[in-house]
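Note sheet for the following structure.
Labels for the chains are A, B, C and D, by order of writing; each one numbers its residues from 1.
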Amino acid sequence: MSTFGDYFRVTTYGESHCRSVGCIVDGVPPGMALTEADIQPQMTRRRPGQSAITTPRNEKDRVAIQSGTEFGITLGTPIGMLVMNEDQRPRDYGNSTMDMFPRPSHADWTYLEKYGVKASSGGGRSSARETIGRVAAGAIAEKYLRLAYGVEIVAFVTSVGGVHLYPPTAEHPSPSTNPAYLQLLQTIDRKTVDEFLPVRCPDADAARKMEAHIAEFRDKADSIGGTVTCVIKNAPSGLGEPCFDKLEAMLAHAMLSIPATKGFEIGSGFGGCEIPGSIHNDPFIAAETAQKLEEEQAGPTAANHHHAGIPRPKLTTKTNFSGGIQGGITNGAPIYFRVGFKPPATIGQEQTTATYDGSSEGVLAAKGRHDPCVVPRAVPIVEAMAALVLMDAVMAQHARKTTRSLLPPLNQAGAEQSKAPGNGQA
Amino acid sequence: MSTFGDYFRVTTYGESHCRSVGCIVDGVPPGMALTEADIQPQMTRRRPGQSAITTPRNEKDRVAIQSGTEFGITLGTPIGMLVMNEDQRPRDYGNSTMDMFPRPSHADWTYLEKYGVKASSGGGRSSARETIGRVAAGAIAEKYLRLAYGVEIVAFVTSVGGVHLYPPTAEHPSPSTNPAYLQLLQTIDRKTVDEFLPVRCPDADAARKMEAHIAEFRDKADSIGGTVTCVIKNAPSGLGEPCFDKLEAMLAHAMLSIPATKGFEIGSGFGGCEIPGSIHNDPFIAAETAQKLEEEQAGPTAANHHHAGIPRPKLTTKTNFSGGIQGGITNGAPIYFRVGFKPPATIGQEQTTATYDGSSEGVLAAKGRHDPCVVPRAVPIVEAMAALVLMDAVMAQHARKTTRSLLPPLNQAGAEQSKAPGNGQA
Amino acid sequence: MSTFGDYFRVTTYGESHCRSVGCIVDGVPPGMALTEADIQPQMTRRRPGQSAITTPRNEKDRVAIQSGTEFGITLGTPIGMLVMNEDQRPRDYGNSTMDMFPRPSHADWTYLEKYGVKASSGGGRSSARETIGRVAAGAIAEKYLRLAYGVEIVAFVTSVGGVHLYPPTAEHPSPSTNPAYLQLLQTIDRKTVDEFLPVRCPDADAARKMEAHIAEFRDKADSIGGTVTCVIKNAPSGLGEPCFDKLEAMLAHAMLSIPATKGFEIGSGFGGCEIPGSIHNDPFIAAETAQKLEEEQAGPTAANHHHAGIPRPKLTTKTNFSGGIQGGITNGAPIYFRVGFKPPATIGQEQTTATYDGSSEGVLAAKGRHDPCVVPRAVPIVEAMAALVLMDAVMAQHARKTTRSLLPPLNQAGAEQSKAPGNGQA
Amino acid sequence: MSTFGDYFRVTTYGESHCRSVGCIVDGVPPGMALTEADIQPQMTRRRPGQSAITTPRNEKDRVAIQSGTEFGITLGTPIGMLVMNEDQRPRDYGNSTMDMFPRPSHADWTYLEKYGVKASSGGGRSSARETIGRVAAGAIAEKYLRLAYGVEIVAFVTSVGGVHLYPPTAEHPSPSTNPAYLQLLQTIDRKTVDEFLPVRCPDADAARKMEAHIAEFRDKADSIGGTVTCVIKNAPSGLGEPCFDKLEAMLAHAMLSIPATKGFEIGSGFGGCEIPGSIHNDPFIAAETAQKLEEEQAGPTAANHHHAGIPRPKLTTKTNFSGGIQGGITNGAPIYFRVGFKPPATIGQEQTTATYDGSSEGVLAAKGRHDPCVVPRAVPIVEAMAALVLMDAVMAQHARKTTRSLLPPLNQAGAEQSKAPGNGQA
């Protein structure tokens, strides 16, 4: 379905060439300051045409809030948002080849198999414009998470083709064992990431190589994939619902729902499967020291989350192979994960393929200019989806914690259990 | 929540030491022959204690159907199933260390952060016994999919630690470009996989190396991770719901909800992100030739699915980097994906960690024998979760297709669209 | 939440004075002809200002489809729809009294208790404008149901205050025993209902009395309630999901979600609770005779539903106290139910009430003209909600029936059950 | 589906003659004392065979908790519960007539139309035993609501056939205008209701008449319906979700999902549709006086809910035609509603009906003794469903309120809105 989330629920609509694309966000907390100005920055970061290596179509993508706020304050009712499609001509891509041939590795063929109707642009909802609603909704979630918990969600490009920010080495087969990588996760912010436009890889050398790599594929009328890494800092502990809706399961669901994604890994990921348990296990340590250090480094933003009165957990982990999630539940450490994006299917090179009815073969070549690599533009979409997952989990946990907090203390109930950890804190 | 699926909906319950673990499966098609004999084989494959390298606890795990069938036929009503816990002693693991220290990389700490109550076994629902309900429910889904479409779901071990069935080479950085790998996906079946017990890697040489690798970690009282690859054959085209519930997103959600998983990749996966679009795009070809060949090879099982009267799609793809899914929707080609499992957290080695209250440090070492590597036992769980995802998607698509089929043909509606592909077939 | 339905899922947004009100409809069958012209008629029937006895505000309520169709054909993707609010001035109702006093029996007070934020119009989403999205979505569901099954949904006014179309008599305490009433249910259509504007009670005498009754309350600056009865003809048998989502439960949910409703009864309703079982039980009869008769009476519309190839059930009931639903599942007979609407809370008379903070009392009187009775306008809203319930149930049943139809016949499975009714029809 | 609720989610299974009936309750707050002793009393109140006028089958119905508690304390994980069916013989009712004829007004026919498979007991899940899971789950919800808010839910019989506790009079067409009725709602408790067994109508005179009325129908081998009224006291304000999940809509859904129900009305109900708005509007008054009075009357139970620190709302209403709900949201006043139950379909009298295939007619008469009136036994089921609705709404509101409470105060955001009521209380 076109709905994501249970408590903070986003429903989107829109194809490439219809009147508008948009979404309804239900479950937005009331009493939060919110205007288009909170949403537009991420919309703009998502927008194509930001450099020579991304697609030059100039979509303006101005979001307009339809409902759910008054005088810049959320009412708690659903927030309708939309972005007009400036190009509403169906059959824009249309030409005789397009009508006869499903494009290789596009959704043309599968949408027809599914619906029995072909949208003029081919793959209907598989259009990248569908992600506009996600980014708009994600911006609301993010604002809340930042205000309430000081949560920061930052994504950045970690590879383009074979060019990696942290290439696997003999010493560090997974970057999770590399102190430089872990340090980057602690300090990275969006401003820094955008200083490395057009590729959004926060390392001058790697960024330069990646840009050159993309340019190379652009010049060959070819395309290339890459990976985006995302870190979520200051997420409260206790998020994620056993057993089917573990936080990493929800993140994986969210990330693999982004067009063109091929893989997801949390924490140490696939690399971690090759590390012995004796190293991979994250020992607990008292949170105090770690916290002091973090605050000194991160400054006023991190301090913000204290107003919420949510105490930091007493423990943290020395290493973080777990990626901030254990047993499907956050432990308060930074959550980090990596998402793989395939090379875009639309390329200028000629490709031999079959007609819809399988009766003959032919050759396709995309006209115009197309994005040779999507990872730079995927950054705000990954952030948005991460925010939606986290927000939903936060509200679920708020429901549970508050519900529990109204129960009488267990010692009144005479339970033997009362000596065990946590049972005095009803 | 403890519920998975919208149309074929599984709800599970149970911890390590409670009376029973079980599930309710809602949405099971009526009129299907079903008894415990259909379910027990996968329960048994999941059972620990099958060899020297898996945990020797002897759980019998006999499933008992409570409702929803009569005289061996499903009624269409919810199927309750349960497996008694033979060991119902809470505090089984209990000892003074266990009560004072959260075990590193277990769910002890996060469950306490989430619920404020500590189950005697530590991580409550994070117990491996929780997967019993999944496997029982998956067996029902599988039976339907096999009867109705000839679907075959086969998982097997592709790596243990650094030992890979298809190690990356210069020529084949991703196994998706390796013809031997693709051939294996076409031919592998469960019987063959189980011939390679205890590791379930269907290659004598690799299996031997993996078994030795696991034994090595067992002897060091350490643990190691690995990967499981799963292929779904004969899945109908058109499955998967845009945009948030793409089939790969549902698979990722399902797989990352299995305890100890760290990563998921569909088709070419992370490796595919390094392959140029001009190679990675899967050209369409007429399905006829491919199909003939497949039937000759696969024999009567594949032929089964013809009774359903579901015609195979007219097209298939020459290569299958997409892993059978394009734009989030199946195209009829084999679906394959890989799941990464971390090294088990419970190890016999001593580990230094902190007490629950962070006040002091101490040393933990697990008593008894524990599974040094979970991937062999994970095989039927991966298959079960894949079956649940597919079954839900099949029912969603049945709803859509049948609903559409009752509409009058579009040419009666006088639509211009009627010349486009697919519009005559209402 | 602002979402209704599982398979055919409607999400709405919008308050009184925001930019637009609208909805997203997910799960619309692909390949159906659909334009605004299919939706506007019910929007217009819902519109206020149609006569001297309804509110004279002139809302134009032009619906605009945003997505999900191309060239007038549904794509199967979500349909976004919106209606601009022509009056977007927050605080329109605003005055000092309004800010100080919650209006008696409005949602002003409860919305503030719920959200802690007060919308300028008072009750936020409780505005009647919220129903616009329901009616738009309902029109799509209705079109499908009519095309596929010849379903007709007709609502009409059966009482205004104490003036009843079928007042209870000694002979007929419930109209369900009155042949004239049952005959009306069989023959009534929307055209006839609208001939009795402004009250929409399809009986000249009763309508006149009701109109006079409403006028009387209008003249006293008071208000009055009433009831709407709705009949659904040609609904297929087998709809409704045990046990929590019985069809009458879904209808009750849908109807009581309409603003100002106080009661719901299905079939014989509360009156039926006073009738002995020996009379109230509906004996089965062969459907053939009944059907012939019905077709002679109802003409070509009813015949329409044959194209779907859905055979009518073999049995029908002689009487219909059940209201077409038994055990929560439709039996193919007409479904009918009654919905009670309270007198509108906004009245011109002075009312004494308390300030928000409870510190003092005061007197409120609504300015301008307000609807003294909502039942005439409620007619299309009741129809829309009935259509949404039915459409969702139809799609659920399509999923089940098609899923079952692909199973092998049971006699192959060797089941003893195979002699029982229905078991040969796999 | 067999699932009810979003936050506090109940899934049930079981037919008449399967091994067990039961449920899984997900979302139970952790840290609550809970054993079978909390659940059994309502199970026992629901049990048939409590008197000469209810069905004499002796079902023992002992509930067994399977999971989700340890040492009598909830863990926050799903609670599995089951009750063994002591009579597990399929075809218990079976005889040649039963196999040939669908029983009038039973679910035999519609279940066959829906599933195409006939359960040996006829209507599958429509069995009254299905309600066992509801009552077990409801008991958990009730315990929480009582502990956290002092909520009391009390249902009682208000009519049997034409015998009413408060028969409509010229002065009081609806009991909502009758002070004696409103006084009863304030003071009634379960203990008192059960003093009036077997009919559970808390008025000696009316109870006697109802008992005689039921006996009369029993002696004629006939059956009769009736109504149950339920009051919920001390429900917090702010419960109920706009716009589709208004609290009365959820209650209506819940009640009409109980077998044999025909109608639902909230507050003044259908009678209220005949009362002028000027009377029907509930004026607000300061809650203080009302509260003092109530506490003097209701004693320590009501006082309990103070520990939760949830302040009572500042206002209450002078009258309560609204039934405690305005705009779909609770206002803190008692919630009351009425549910209509039809006469049971199983009667000893002979009934003429048709065979399954419509080919011939025949005569059916139920053997053995059957319940001539279900309302006395329906009392705990109505209470259970009310508890489930309320619990779900409470958790939804907890999620919202806590989420809001973590936002910074609005005056920091510089909003103009800040002068309006409620906006200083972030």
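Convention: a contact is a pair of C-beta atoms (placed from the backbone, for glycine too) under 8 Å apart; a residue touches a chain by one contact, two chains touch by 3 or more.
All of these numbers come straight from a predicted model, not from anything done at the bench.
Engineer: Name, by label, each chain that touches both members of the pair chain A and chain D.
Structural biologist: Common contact partners of chain A and chain D, which must touch each of the two, are B, C.
Engineer: Select the chain at the greatest separation from chain B, using centres from the mean of Cα atoms.
Structural biologist: C
Engineer: Where the centres are mean C-alpha positions, what is the separation of chain B from chain C, in Å?
Structural biologist: 43
Engineer: Taking each chain's centre as the mean position of its Cα atoms, how many Å separate chain C from chain D?
Structural biologist: 24
Engineer: Quick one: report the Å distance separating chain B from chain D, using the average Cα coordinate of each chain.
Structural biologist: Each chain's C-alpha centroid was found; their separation is 40 Å.
Engineer: Which chain C residues sit where two or more other chains touch them?
Structural biologist: 1-3, 6, 12, 27, 30-31, 70-71, 73, 76-77, 114-117, 124-125, 242, 400-401, 404, 417, 423, 426
Engineer: Could you list, by residue number, the parts of chain B that touch chain A in their complex?
Structural biologist: 1-4, 6, 12, 99, 101-102, 104-107, 109-118, 123-126, 130, 159, 161-162, 217, 220, 222-227, 237-246, 248-257, 259, 261-270, 272-278, 280-288, 313-315, 317, 321-322, 325-332, 340-345, 347, 349, 351-354, 356-359, 361, 397, 400-401, 404, 417, 420-423, 425-426
Engineer: Sort out for me which residues of chain A touch chain C in the complex.
Structural biologist: Residues in contact with chain C: 1-3, 9, 11-15, 17-24, 26-27, 30-31, 64-71, 73-80, 82, 90, 114-117, 119-120, 124-125.
Engineer: Note which residues of chain D are touching chain A in the complex, please.
Structural biologist: Interface residues on the chain D side: 6-7, 27, 29-33, 70-73, 76-77, 144, 147-149, 242, 307-310, 394-396, 398-404, 406-408, 410, 413-417, 423, 426.
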